[in-house]
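As written, the chain order gives the labels A, B and C, with residue 1 at the start of each chain.
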């Protein structure tokens, strides 16, 4: 009997579709990896009236989409989805299953891995295939201070959750064709022991620090509460948000919800300004995802200055004032 | 009804002082001081608050080296009633799959009457967040991750959580497993008197693999489906640009070199006049 | 002989360090700069038994062992010497004398409130003309029918500005056989009791060290601690435990300065390498580490003697003398390692440097410690 065609599966996580395109991002990476193990790229999706998403997955690289469409699947339930994904995986034996590391994905994946008796790596930021055709899964540990490379040598499928934003989705291809494989809902599906009673989308808040594209972080080096307030003006000019280190928050220069650190907010802006921050590891772990870090500190040896893309050796407070002046001049023009 | 809560916890290296052997590029875990994983403290706090309201017995459970007894004692000082330490060199190197298997075995043998297992939502070292959900599977009970608030109602528990921009209310049957998010249940400090007492008490049970009826093939690295190939520091120190001079000069330098990138982020033009 | 810290002491150290670094460290700069006593932090410390370290369990205290006590003071002082000082003084010369010399009724009356930190304790010995020489005390307590009337002025009272209960050393010239002076417990509500201005000191600025005034302060008979004439005995006993506290405090300051120095020496680059690569800096760090280690061993031995119920006065004096002096040396080197930055208030070592000095002065100057030690040495049979 002919062995099953190798396949890489991507779990279709569509609940937050417009904000979170991790499924499409994973399809793109699966398309890149598939030739190395001679595999098909497949998506799996569970829900009710999900045709639009099925089309999207095909347009973004899926060659096959397994669909279980049923009115009972209107709401997300990790227990039900775990049962369904396990069921499909046992039936079709994929080589690899990739799941977006959303909150839901990170709850679902370990349950599926457990049921299938296979390995799982959490929150990967790199995926590659080694010479033996094994999936090398690279994930951060210790607050991003370390990276660990993991493989699952003997058990199948190889499973990983992948951090959203790690890979670029492919452009939408209207001409793409793929097989849609409807699968009937298994009849012996157990009643979930955890039932969703209410689910409401959290209203879009005023811009949140953790979503801001520009973050202005201030530390003790700003000098005083009064001087620290200048950062708000700078943030306003930049359309960004103000974050702070623990000493600043404890000195009541700013409210506690501005704390950027392991015990506070993690930020991932395009640009992060860091004024007078020395850079304790609890703080730097929470800003490591920023694309561009500009640090201003009198002490060139401060850890914050070492991790910055641009380290400005100067008085934080003076540079802040000067930057405000210059930005006002340029933006007015 | 008097509940029985089991809080699973892990001793992790203190993150502020990771001893790093730069020559071998390895973490010297043996040199790092251990501490209770911060998220586990939140889980314990949630259990203690429930105990204060409803009355309960709290058992804290950990798997780790002999020194992991420290965190169990700390947990006793915070308000737990008894502790179980699973320790055996053969248990070392377990991945989440095998860890949850081993913990589940201890729970079914030592705490068969448990109502609720509480775990931290993730550990600060390996950060997988997988043991809690896998424990629910292994125990074959309900499980919900990232719980912000618990409300016990006889044989069910009403849970609130924030997941992927949704605020969810979930009703979960007991017994069950939850992992606790770190927003709401801010852990108390152990009092100094509590710590003294925690070390005077005879409330810790130490169990090895044999005590759990497990063979070496079932536990530790041997039984784990995953293999770690390498752990390394990504801090391949990016070359950074250093600017010096007057405040005016450095601001001009900054905007000269990064003006475009900053302009793109803020969606405004930052070109100087002319 | 086991030199490994036991699990309990390791956990106690970690717990206090966690509290100090999370709750105190972020504001320690402000507290020093503004000379502000942190009531909000005190509020958090109350339920954690920081004020009942040496108060017996029967009175709601934690009754910790001597080494746990030293570790607690050490770890607080590693972050904030001023808060370490508050706790040390409160426990060792505020609460301890009442546990040791108070009647059952006195203990019942005062210890629970002290143990919960509702009243902060202070011990008042020093006066304008009496410091190391307790014989020069001029504060007088005059016997009335149902109590004593106290008159006098005490200076440099640690916790003075915030004390709820002060133990006042006074002479009672009218009384028979009262050469040793006597100790009275004065509650802050007592009419005639008032707090002077907070001293403007070089270090320990977050501790409200002040003068205390006693003007016709009437205290009932039951506020006399021990008997008339027991003052010197009580004072000396209190100072023996007090010295353990101050030694622990000095050690904590030194440890804080040392930790900051190691971190800085690894970070700071000169001539294209970290200054820790230079042998001179290594020598400094080696000396600091050795002294701190030696001091810690002396201190823990004194604590162990105390826990075993053996006389520990000489051991405590040796620990206090050695630790306070090493604190001055270590903080001095810490500033040196930090160079110009070390002289700036931006860096913690500047504060450690100022805080360290007074440990050589209060609760018995280094000179007095030597007297105590010499007395012990010379009284040994040879």
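One rule holds for everything that comes next: contacts are C-beta pairs under 8 Å (C-beta built on N, C-alpha and C of every residue); 3 or more make two chains touch, one makes a residue touch a chain.
Here the structure is a predicted model, which means the values were calculated and not measured.
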| item | value |
| --- | --- |
| Middle chain, criterion being Cα centroid separation | B |
| Chain located farthest away, centre of subunit A as origin (C-alpha) | C |
| Two chains sharing the most contacts, counting C-beta pairs only | A-B |
| Averaged-CA centre spacing for the pair subunit C and subunit B, given as whole angstrom | 38 |
| Between subunit A and subunit B, centroid-to-centroid distance (C-alpha), Å | 19 |
| Intercentroid distance (Cα basis), subunit C paired with subunit A, Å | 51 |
| Interface residues, subunit C side, partner subunit B - complex | 7-8, 10-12, 14-16, 18-19, 44, 47-50, 52-53, 57, 61-65, 68, 72 |
| Parts of subunit C lying in touch with subunit A, wherever the complex brings them together | 25-27, 29-30, 264, 267-269, 341, 346 |
| Of subunit A, residues touching subunit B in the complex | 15-16, 19-20, 78-79, 82, 102-104, 106-107, 109-111, 113-115, 117-123, 136, 139-155, 192-202, 213-214, 238-240, 262-263, 269-271, 280-282, 285, 291-292, 294, 296, 300, 305-315, 318-319, 321-323, 326-327, 329-331, 333 |
| Subunit B - residues contacting subunit C, complex | 33, 35, 67, 69-70, 73-74, 77, 189-196, 199 |
| Subunit B to subunit A touching residues, read off their complex | 13, 15-16, 18, 27, 38, 95-97, 100, 124-134, 136-138, 141-146, 158-159, 162-173, 176, 182, 224-235, 237-238, 240-248, 250-252, 254-255, 257-258, 261-262, 264-273 |
